[in-house]
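Here come two complexes built around chain A, the first alongside chain B, the second alongside chain C.
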Partner chain A sequence: MSNTWQTPEMTKRIARRHAAEKRFRLAGLTAIVLSLLFLAVLLFIMLKNGLGGLDWAFLTGSDATSADAAGVWGALKGSFLTMLVTLLLSFPMGVLAAIYLEEFAPRSRWIDWVEVSINNLAAVPSIIFGLLGLAVFINTLNLPRSSPLVGGLTLALMTMPIIVISGRNAIKAVPPSIRDAALAVGASPVQTVFHHVLPLALPGILTGTIIGMARALGETAPLLMIGMRAFVATPPGGITDPSSVLPMQIFLWSDEIDRGFVQNTSAAIIVLLVFLLAMNGLAIYLRNKFEVRW
Partner chain B sequence: MNATIVLLLVLALGLVSWFTARARARLLYAGRGSMHSMPQYHAWHVVLWVVVPAFVAWGLWSAISPVLIDQAVLNDPAAASLPQDPLQRSSILAEARSVASDPTFIGFSPLSTQLAEPMRAAQARFGLIGAILVGIVALAGGGYAFTRVRSRFPARTRVERAVMLLLLGASLLAVLTTAGIIASLVFEAGLFFKDVSPIAFLTGTHWSPANAIGDDVDANFGAVPLFWGTIYIGAIIAMIVAIPLGLMSAIYLTQYADTRTRKVLKPVLEILAGIPTVVYGYFAALTVAPAIRDLASSLGYPNPSTESALAAGLVMGVMIIPFVSSMADDAIAAVPRAMADGSLAMGATRSETIKKVLLPAALPGIVAGVMLAISRAIGETMIVVMAAGAAARLSADPLESMTTVTYQIVQLLTGDQEFNSPKTLSAFALGLVLFVVTLILNIIALRVVKRFREAYE
Partner chain C sequence: MTKAKLTARNVDVFYGEKKAIDDVSIDIGNGVVTAFIGPSGCGKSTFLRTLNRMNDTIAGARVTGQILLDGEDIYGKEMDPVALRARVGMVFQKPNPFPKSIYENVAYGPRIHGLAQGKADMDAIVEKALTRAGLWPEVKDRLTDAGTALSGGQQQRLCIARAIAVSPEVILMDEPCSALDPIATARIEELIEELKDRYAIVIVTHSMQQAARVSQRTAFFHLGKMVEYGETSQIFTNPREVRTKDYITGRYG
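What follows is the complex of A and B.
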């Protein structure tokens, strides 16, 4: 009995299909390799240009007009202060909002509006938050221009939706049996949430918070809008002093014509990336260490 | 300074009242044995009654005390020589206020230095009155609440009601932010559209705000070249890079790679999404753009510019890859396994299954993901600021420099500005357009994703 699968046409056809399979698989691999190659080239060029400029004087100095004297400490301190304001505002507000929406909110039209606006805020371009900060904090409330206070407020509005969304997911992941057990022994709903659900959800919330803060740390566009691009030669003393932040320093240096600033810019990028990597590493560590699979 | 003292005063009172109230509630607890609420709820109830009314009183006092201070200064004999014109009067008073808070400050009017002394005295007097007032309100509130520390009093219910109010307030903040964005954009853009007609803005093809002086304002605010540049860079060039690479890497990671490879490659790919945009911008300007220029000139292209739409779009596309990849990943994972298994059982190869079954089934999810990616790309600022250029032109040549909406917003709002000129206000009009477009894209995409998920559940 002659087998239709063994005719020459069929063998050729199967070979073609297998070749197509291989090509497709290779295309997938190529896509990943290309993306990673881009990442590798980017990191390599930054390291090549910047490693020579990373020394103690660079890490402790402030912005200066000559490339040799310029350092990154002023901008770094500005970033710390800005992040502090952002964290102090967005973390409590974000967690409280997440608790309300996930545990207590009644099903109503109002709450639908809150959910829609949180989901949309998370996707609004960051520069729009800068316009909001400019119009509200600076032109209406007359808060000091280019200060970490205004920068932190603006970034807090941007970070809060991220914390709310990750917080809600973390709270949702806590199994209902925990709540039922607490309620069954007489805890009130508020006690149930604050004594039992929140501690269990906290690792997840913290992971989301760190990721949101990492995004805020790398953000430049909204801060351009509120004027944090001034030349600041002394580190800021408080949250109302004019200051710069690390990504802004990178942007300002990248505009300089002097070739010496190429090294400074790349070195500042390395510093920024090290911080971001540390934060993301911490987030992954927290997730792996404390995450409970129910 | 004064505010810090009052804040500390109130917090100290709160702390003291917490301990006193808890001690009293514990005594009751020991005496009766049965109470409605635990002692610490009584304590928190008293603290709320101390702190909240005190802060309300402080807020009210801060609102009215400047008026009282000004009145006190005007009654001073030195104020008799003040001009009658209310405008001049208030400006001298404002100067006196600055001198009072900072003695090195030198006002324009000599009167302000004379008035500084009475001003400072009045400020100190009214500050003291305010602090005493706040103290009294705090004590009164605390005293009232303290009398209610009884075994039957439902302190827990009251405290929990306050907690719920706090939770509700926090979640309303998101709505408030959205409302704030819309209000500020619409308000400022409204001022702009008073000078420039919206039709000229949305359909004009000539953009040069720097020349917008005099009568032909309308002619210089045609934003079409900006919209084109934004779409060309963000929605065309970037997507030509991001869609194939993102989709193919998602397919490889979900369908071909074994678990170990996947566990390593996926986080590494995610790093691309975590790199700040300013770093991409610098990389585009430093490395990619010159490389493209050199390549173009070696291919015989006449006078290629350093800033090109291609460089910005290319780098932006790479930035978006992980985003497209994870959206495609979700969409493919949502397709029921049975569909792929059925196709494989019929003898289709894996790639045939992916192309003919998985991708068509996941298409709505992928399209929604691409829409979200586009909305992210057109709102992206730093890459185009550093690599795309300032020339507003309508051209399909990727090697030419092109400008975008976000670039122009930055350009118009940085540097010296007088706030109410059409030039700066136009930035808000551009922001409004950007906000509306991204909002529409997001809403449609989220709705598609939701419906798509429901279809397979």
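What follows is the complex of A and C.
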């Protein structure tokens, strides 16, 4: 034996470590394969059931009482408008809140309390946001029920804490030396943030935003509360018209007794997944575009 | 020494309850290099950062006493810390160029202060600053390259160019060579020698040899107090205080 310096105990331990290493790799691989397998089965079933129904009439039509005539356009447009409202509200608000908390807020008990509240807000079940939306936007402010405006407002409440949390982490990750550098040449704190810190934090903020938006896109529970489960046969003309959204349409169709809606449900799921993928793709593109290496 | 550029009187600095600087009074002259030496944690960097109010950014930091720049109280109500930092530039321990182009690194300060009238003027300011920092010949053909792609010594000279581009009156250097190799260090020291006629330069250094090489006046800090301040040659050859003597002969620190 070449390793004459090894004691038998040592040899035994090394062998045990190698075995543990192998076991870990196997376990990790199994975890990945299982989850991917699950996704593959899901995709396969959806494509098998839904691909047949995915034609031009389906993509351009709106909800109807007969499965043949029903299409996804109304819900798709509703989802798009809702997401637009959500993004336009939650992104600037979330980023501004993150910047303020991270860069400007004085360390005080009040700010600690705000931080805890925002973290808790991100963990609140979505149905509660629906109730809040119903009480505030519809019953108090009298905004139009079932509209992308109210849906977007409600989902923005839900998405904002996610953007704040990821935004703060991204801002925190910018090295303090960059702030020092900017301040030392006479940049004001606001210039320091907007010229130097924010551009460097943007990729991280975008990642958080897309996670929040993806969650909002797939959300149904809060939209049930604000009446977006109504049967809407015409696509919304604007953000104040009654409308449905994709996940809600899927939910409604999956409840139908008519067999024809099974195909519609699967086809709508495919549309929703494509929408999600497009959103994620855009996010990755933007992230790479803004990524600064140093 | 002629009229002092910076005058500190009875300056205390607190971090929360802790007193980091205790009753420091010092006159810093124009056209000379002043070195702050002392063991780690003695407060020399803290004191340096009070001179351009970079301590403002640290939560809980508090400065009492008086610091005058050309007779103006830099902690006074009329003094805007943003404007102050344009007059009192700073170079940091670790080179910290912006992750932008070389040109943009230098042009940033002049741009936010509106120092250039048009593109040609800005080009001239950038060239002048880079020339003074001794970097122009090395980078003139690649001004659009990232500042962060330069070597450590070049990055530090870029940071010096960035500081002098806004035409400051004082340049504070916080251990500018501690992250650099001996050759890059020698370049920076030469540069300090060339720059000293135009600016008041204050340099914090851990290297006593460096203080002896580059400075005309030296202040020795220990445990938050300024123990001794005088001509560099006197401090190193004939210190008045025992603690200074012990430090420069390597008893502690």
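We adopt the following convention: the second predicted complex is superposed on the first by the 243 of 294 C-alpha atoms of A that agree within 3 Å, B and C clash if a C-alpha of one lies under 4 Å from a C-alpha of the other, contacts with A are read in each partner's own complex, and residues count from 1 in each chain.
Keep in mind that, in the parts below, contacts are C-beta pairs under 8 Å (C-beta built on N, C-alpha and C of every residue); 3 or more make two chains touch, one makes a residue touch a chain.
Everything quoted here is computed from the prediction, not taken from an experiment.
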First, second, both or neither for A:H196, with chain B first and chain C second: second
Contacts of A:S177 with chain B and chain C, given as first, second, both or neither: second
Which of chain B and chain C A:L47 touches, first, second, both or neither: neither
Partner contacting more residues of chain A (chain B vs chain C): B
Chain B versus chain C as contact partner of A:R107, first or second or both or neither: second
First, second, both or neither for A:S188, with chain B first and chain C second: both
Partner chain in contact with A:A230 - chain B first, chain C second, else both or neither: neither
Touching both chain C and chain B, counted on chain A across the two superposed complexes: 188
In the complex with chain A, residue positions of chain B that touch it: 156, 160, 163-164, 166-168, 170-175, 177-178, 180-181, 184-185, 187-188, 244-249, 251-253, 255-256, 265, 267-269, 271-272, 274-283, 285-287, 318, 321-322, 349-352, 354-355, 372, 375-376, 378-382, 385-386, 406, 409-410, 413-414, 419, 427-428, 431, 434-435, 438-439, 442-443, 446
Footprint of chain B on chain A - complex, ascending: 17-18, 20-21, 23-25, 27-32, 34-36, 38-39, 41-42, 45-46, 49, 92-94, 96-97, 99-101, 104-105, 113-114, 117-121, 123-129, 131-132, 134-136, 139, 157, 160-161, 164, 188-190, 194, 214, 217-221, 224-225, 227, 229, 247, 250-251, 254, 262, 265, 269, 272-273, 276, 280, 284
Interfacial residue positions of chain C with respect to chain A in the complex: 52, 54, 57, 59, 82-83, 85-86, 89-90, 92, 94, 96-99, 108-109, 112-113, 146, 148, 159, 162-163, 165-166
Complex contact set, residues of chain A against chain C: 106-107, 175, 177-188, 191, 195-196, 200, 292-294
